[in-house]
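Single-structure report; data block below.
Here the chain labels run A, B, C and D in written order, and each chain numbers its own residues starting at 1.
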Amino acid sequence: MADKDKEKTQQDASDNVAELKAKAGKEPIASFLDMKLVELSKGYAKVSAKLKPEYLNFNNLVFGGIVMAVADQAFAYGTNSVITPNVASQFNIHFVASADVKDELIAECRVVRAGRRVCISEMTVTNQDGKLIANATGTTIPLV
Amino acid sequence: MADKDKEKTQQDASDNVAELKAKAGKEPIASFLDMKLVELSKGYAKVSAKLKPEYLNFNNLVFGGIVMAVADQAFAYGTNSVITPNVASQFNIHFVASADVKDELIAECRVVRAGRRVCISEMTVTNQDGKLIANATGTTIPLV
Amino acid sequence: MADKDKEKTQQDASDNVAELKAKAGKEPIASFLDMKLVELSKGYAKVSAKLKPEYLNFNNLVFGGIVMAVADQAFAYGTNSVITPNVASQFNIHFVASADVKDELIAECRVVRAGRRVCISEMTVTNQDGKLIANATGTTIPLV
Amino acid sequence: MADKDKEKTQQDASDNVAELKAKAGKEPIASFLDMKLVELSKGYAKVSAKLKPEYLNFNNLVFGGIVMAVADQAFAYGTNSVITPNVASQFNIHFVASADVKDELIAECRVVRAGRRVCISEMTVTNQDGKLIANATGTTIPLV
């Protein structure tokens, strides 16, 4: 029964996907960080972002916050493809390997559980060669 | 004895603080995201960042990745004030309240445990009125 | 307005506190792990548990899962003191120092944000001397 | 070169696996929580634990701390199979579905990155039917 309710309160996911794809080219943060939505389906999103010298920190490494931001963008698209709006409440990331400033980061999000009250997702960030840079998990709360 | 070793392998923290302050004005990511180092002492850092319309996402909210980035910057300064280099391995954040695009974010980092092998820190992000936007914790690994 | 709604959908917290105190002596897991509810008020709980030789692992250290369990018990009481039932969705812990098998652990939970849809809490675990053993944060979802 | 060093400072993993298997039947916490080591190879561990009425909490649900403990046991074996001792510093879990008191939990750990200074692992907890109960990630610090 709870599952039936869930179905009812969710927007039709295929609508979400189409709507998000239309928005993807226009949002300010995507332009600012040059993040591209590469792929989107119900419960899955892939985002890419070319790194830049502007992202280097005081240790001359790519700033971790940029890796998080790219993962967060995939997280946002992946979770909103299931239910919209679906707002991030928590995000945990492990930095597995450092990124090179010449890398293009690829972030993927897979929604593991799409509940009516809470969604749980897994993210990975790799570079253009498939090297794992970070893995992450997160909690979102549907506002429907 | 382990503690004595720890002391020896750590750079003198007051040196770190002075060195980091000198670097703070020059690092690319700080310019790119307009983040200012407001305060720095051994085991504590405060960073501020004025939000901008460029940071809005497809739901017309401030992109969570920006909140994370500001927290991460305080995290980087706070942990490197104790031991340098001290590289982030893990970061967990809870989004407590949404930020307004007109807000100035204030991120603070307090190092809870400064070990030779691993450091643990706590971060908060508030706005200019002291409203809690996010709290976070993280793990760093000293490379000395 | 959202806040007004929140108030309405929550059970009266003082009722929760009294009810939880009454249940505290009777729940199976509390007996099994010898965990005592030491203090409870709206948004705050303190739990104690005496460690035992049964909790040692293959490295002859106190099993981390026991430290987590004691923190989780404070988390459960603290969050349910605000809204009941309030079910854990996520929990992140940092092990700051190892516990001694003769220690008595004290876990405290403070609810940082008590929302209608999601609650965020902070926990600490110390020993009988106030030494910090672990800090944790967590997400709960009210089922009201 | 760093990788060569890594190899040298690590104990031979096949030795670790044999040694851990020998210890697995004798550790106090495994007896106390009735956790069995089902499978172990370099970077992978599987643990099972039959749930019991003693694990119910005040909401008549299986106590989350028990789910964490079973995940933590797989985490300990998986990470120590690579490097011993390898001590948990951080652990993050998402509760995906509630467990039934009649369930047998199966926890698996996969080491994602086995570094000389820090290891990162992913865990899942399922029930006897393969239903996902929780997913987790964690950080360990080799003490070699």
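Note that in this section a residue touches a chain if its C-beta (ideal position, glycine included) is under 8 Å from a C-beta of that chain, and two chains touch if they have at least 3 such contacts.
Computed from a predicted structure; not experimentally measured.
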| item | value |
| --- | --- |
| Per Cα centroids, the chain farthest from subunit B | D |
| Comparison of A-B and A-D (more C-beta pairs in contact) | A-B |
| Euclidean distance of C-alpha centroids - subunit B vs subunit D, Å | 31 |
| Separation of subunit A from subunit D, taking each centre as the mean of its C-alpha atoms, in whole Å | 28 |
| Whole-Å gap separating subunit A and subunit B, where each centre is the average of the chain's CA atoms | 22 |
| Junction residues of subunit D, two or more chains touched | 89-90, 92, 94, 120, 139 |
| Residues of subunit D touching subunit B in the complex | 89-90, 92, 117-118, 120, 139, 141, 143 |
| Subunit D to subunit C touching residues, read off their complex | 20, 23-24, 26-29, 31-33, 53-59, 61, 63-66, 68-73, 76, 80, 84-85, 87-95, 98 |
| Residues of subunit A that touch subunit D when the two form their complex | 92, 94, 96-97, 112-113, 120, 122, 132, 135, 137, 139 |
